[in-house]
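After the structure tokens below, expect a handful of questions from me.
Each chain carries a letter (A, B, C, D and E) given by its place in the written order, and its residues are counted from 1.
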């Protein structure tokens, strides 16, 4: 496990400086989306990348975060910041319940039972209008604000404010993930992914660690849901849908699953590629599908493996050291 | 007939064979013995095309086969009766046998071979409509042997046919192999039951960590203390 | 009192009786070998003892505690640690990370401390790292520290497995064919290492092995299995001369039959 | 009450035969080959779109169109396996899942471009006139769907049980190494299996066009439903997939009829959760002996 | 270090590509359009874009607005809130268009509204029908479409009083529009004394509706109000006939379109539809629109095409009245809208909700929508 700390710190410095150098709300918006997707994709990566389980129900945790934020601030009138904590916790609790049931199953069965959970939730959200407001969802979700001594210090009227909140979330997520990965906990998780039988033989309980990773992933998915709700200011049942699920999966696979920077790269690349493909109009998504297939075929370990691949051919400087945790 | 020349093979980065050379002449019964992990099964896998050697050559009837696919090799007349039987549990005994002749096109010939097999293995005859998964261990072994013979091979390779069988059944397997050999089929036998293998075979190779350690006439090897030592230590 | 006691243990799969009424005791500090031809049920015994399979009947006690029904990781936590027959490591991790992962029990801290580290965490991490370094040095894997496990040579891979087994800090190690595929030199080295593990480190060893040189050299006692049953038990010398053992290993004689000659 | 219940039952069987065809194809691709195929619904719709091109645009006879669609989609499936799935064989579940996600995104949008965004029906040669049996209403088209479904299922059964290819398939998926050792070209069997699964979904697509309308947006729900049915049927169990399909059709219909149409699609997923908890190997599969 | 490189390379690429900012000014007036042009709603989305294109071509042929040609900048929002917001950010911030039309689905429009508010760019929808959109007075949002409530108020009275239909069953797609419309009808009908028998919700992409239709047949209501678009609507119509449903069918959605009538075939005969637009409507404005539309697209226009067409005309008139293609001036001008659309004379009320359409109740017969009753949409607020 070579430390990925240095590159991450360099990226962080660049990210802090970014709004000072480049202005423009559209650009800021895209950067915010990149940061938001970084949190979301990283949360899935904790499960799929480090435990090695393909969870197709992860969008449900994101959706729970979105709805918790919307319902608490709109219906219950809570503060946006309290809602943040609760959104994360609500998703984590759901993660615990669903994980408790699903993590006993393996491989293909796990894939499908998680998918089934997400679909059931989505359909309940659509049909249970009394509580969830049905298909139209929640508009006008309030913006956060920072009040100090009765005075509004930051009112989040500018994208830059959201940008820094998103950046803080990214930092918290990546920090938590970094701590997790480079701890006994993370080593245990990777050990389970690499060889569950052997992991057991040295005293690691696969169920426990799968559970920890699952709940942790759900928590951050919930946080990203909170951010999404307040930033977009509208949530509908589509947040539980397969669309977000597919986006996250693509991001971690294209970036590189089981690495900390992988989802960051994936979130950036995918957000930008989808945006840049606008020129292609109607064939935009066809091209995107094609690019996705090529990327998986040629870089099955994601774009983080590109330097390794190039180095093996001598097109990139440095010794051929392989191995990512 | 079969010649291996300096064959190297590996699983991932793990070397399984590091330079095996051996020959099997037509009409011979050659034994390949050695401790667990010595690479006996790997030799058979490289011959039958389940694995590609990364170095060295394998020829069969003077034609190179080390780059050919498993199905092409079967067509040339090599049958491989794999370790642990590997029968198809959800197919009937008869279907298992018919699959053995998968590449043969002569319907009459296949029927004749099938009849012969059912004749030689009366237990299989009795159970030919039964799912193979319901057979006992010994019956499954018989089925695996019969299946290998269904392709009417010139050379048949057995991988541990006595594994997990009771002494009486081992005797039966010995009798069958002897029969096959008497029918003019060349046999390459991998066995952990050294005594049995050496008494059956005319020549033997002893494999140790991916290399041929000793080879020669089986009678000589049988008298040789070194073999016993290899198995029970010295 | 024996460290590990196995009492009339049986296991059947469907109709097949893989292990039949095996009783066996291993004392503290002993090296005991479990031998027998392929399919004799040795690995099944390991799986039963370490909780990977539930026994059909019988009792297993480790350090006086009944361990039947416990999960494998719990059993490992009690100090009863196994290795596997087929090379089993964490392939994508470096040698060092493999061993550190195996020292999990040493580095384990309460969940919340993963994010809110204190000195105790650092201390445990340091202990685990130091222990890993020590094991690596002991087994002579130091020069391979940062190599990915999947790129190791076979002999080193087998050593790494041993290192992983030692990582969990066992009182007793169950080793499944540690010498398989090793050459003579490597086997000799293994013998030395096993003696040290038992002698200096005080770890009791139960070993399944086919390489009789290794078995004869390291074992205090040898238990022989065939067809799921125990057929002999005793000192290496005793076992080596045992009729049934020789028969089990080399097969029944076929003196009445003449060897084949080329046609 | 009873007459309504019977009508629900018949409705369920019609939907069920679509599910069964879809699931039979997916049971091969997902159950046997272990490819989490997210493009299965697209294969289904593509069958309808190709049929539309031949039947409505080129004016080819409807029954001949079915044959053409099967042949073309078989070839398409084979090409898909060869180009996209084979290079990733043996890799993590996620890799093939993502390649099929890419394929599904590509196919669905390309179909929207070429086929157009407007829903279309096929010029099928049967009348819309209802056939009334007692209190039960059914149409020629619906009967035809059930019949074609049944024929396709029986044909598959014969193919798998009686033909050389079928034997090779069974041998490969039961014990791959032994199959290779008797000379089966295992890679080719994989490709043909994928192709067969694709063609199966495409037949359902033709029926979709003949009985309902073809529209690419149908794909996503169809994929999910097919997965549900495969799980109900027990993954590798082909007759189970058929039974599971019919069962889901009937259960959905009865649930929609007597409980709630809004929650109709929930029932399948709820069943999956329930079944995986209590019978992890599917409703129709025996527990593997060990 | 390798990951640093990759990461930095990504960041640099992103910045280089995206920080380009606004394009050079041209001598055209650009109108932003956010529609689902890919994905499941692309059919209706593209119809709407086609109507808009026709309007732009007509206006440009007459010399444009303020001496400048109009130009559409169409972005795909896929009817997804997040994607629509991104499209809006691009149009309003990077492309700096002075006015945006969109975003089709009510959910997506709800998500785009705050973006318009913040960027102070008028947003005008020609489709989104949820009453929620105009409930609060928005300063930058305009709806040039009937809300679900307006539809219900216009048609419920005709169905109940003129046609004497008292027992109502609902069959609707399970989305915001379907549920919203059912809610509006139910409320209106119950106020005037009609009875709600039951409601069935179905998936938008479903194919088989025999199960809900069997239930409806057993209940035998006077009328089934079907809220569905072309795909589901045409299948429901056909299957209702197959099952021998005797109740009248009243369709809400784009039912008076050629595509719909072709798909439904004979089954459409006798079906009623409440439409804000029918291509067969009399009046010069409509005749011209239909003729021109046919020339370009070779088919009759439907509801969404008319919506796109009218909305562009509303925008063009506002720009002309404003005297400059500037967002705040356009917003001011929009409030004073008075446009002769193919289907009525359009004005905006205090909530920026358009009114004045001639809503028509048609009966479909032999692939022609015959007008049976008309009414004028009134503002629900003023």
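Just so we're on the same page, a residue touches a chain if its C-beta (ideal position, glycine included) is under 8 Å from a C-beta of that chain, and two chains touch if they have at least 3 such contacts.
Please read all numbers here as calculations on a predicted model, not as lab measurements.
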item: Winner on C-beta contact pairs when A-E is weighed against B-C; value: A-E
item: Longest centre-to-centre distance from subunit B, chain (CA-based); value: E
item: Rounded Å distance, subunit A centre to subunit B centre (Cα mean); value: 53
item: Averaged-CA centre spacing for the pair subunit D and subunit C, given as whole angstrom; value: 49
item: Geometric centre distance via CA averages, subunit C-subunit B, whole Å; value: 31
item: Distance between chain centroids, defined by C-alpha means - subunit A, subunit C (Å); value: 42
item: Multi-chain contact residues (two or more partners), subunit D; value: 109, 112, 220, 262, 265
item: Two or more partner chains touched - positions in subunit C; value: 151
item: Shared interface positions of subunit A, touching two or more other chains; value: 126-127, 282, 284-285
item: Touching residues on subunit E, where the partner in the complex is subunit D; value: 38-46, 174, 200-208, 210-212, 214-215, 218, 230-231, 234-235, 238, 241-244, 259, 263, 265-267
item: Touching residues on subunit D, where the partner in the complex is subunit A; value: 30, 34, 36, 84, 87-88, 91-95, 97-99, 101-110, 112-113, 220, 224, 227-228, 231, 235, 260, 262-263, 265-266, 269-270, 272-273, 276-277, 280
item: Partner subunit C, residues of subunit B touching it in the complex; value: 12-15, 25, 27-29, 35-39, 137, 160, 162-164, 166-167, 170-171, 174, 178, 181, 184, 192-202, 208-210, 218-219, 228-234
item: Subunit C residues touching subunit B - in the complex, by the definition given at the top; value: 16, 37-39, 87, 150-154, 157, 177, 180-183, 210-217, 227, 236, 240, 245-246, 249-254, 257, 259-263
item: Complex contacts: residues of subunit D adjacent to subunit E; value: 4, 7-8, 11-12, 14-15, 18, 109, 112, 116-121, 128, 130, 132, 137, 139, 208, 211-213, 215-218, 220-221, 252-253, 256-257, 261-262, 264-265
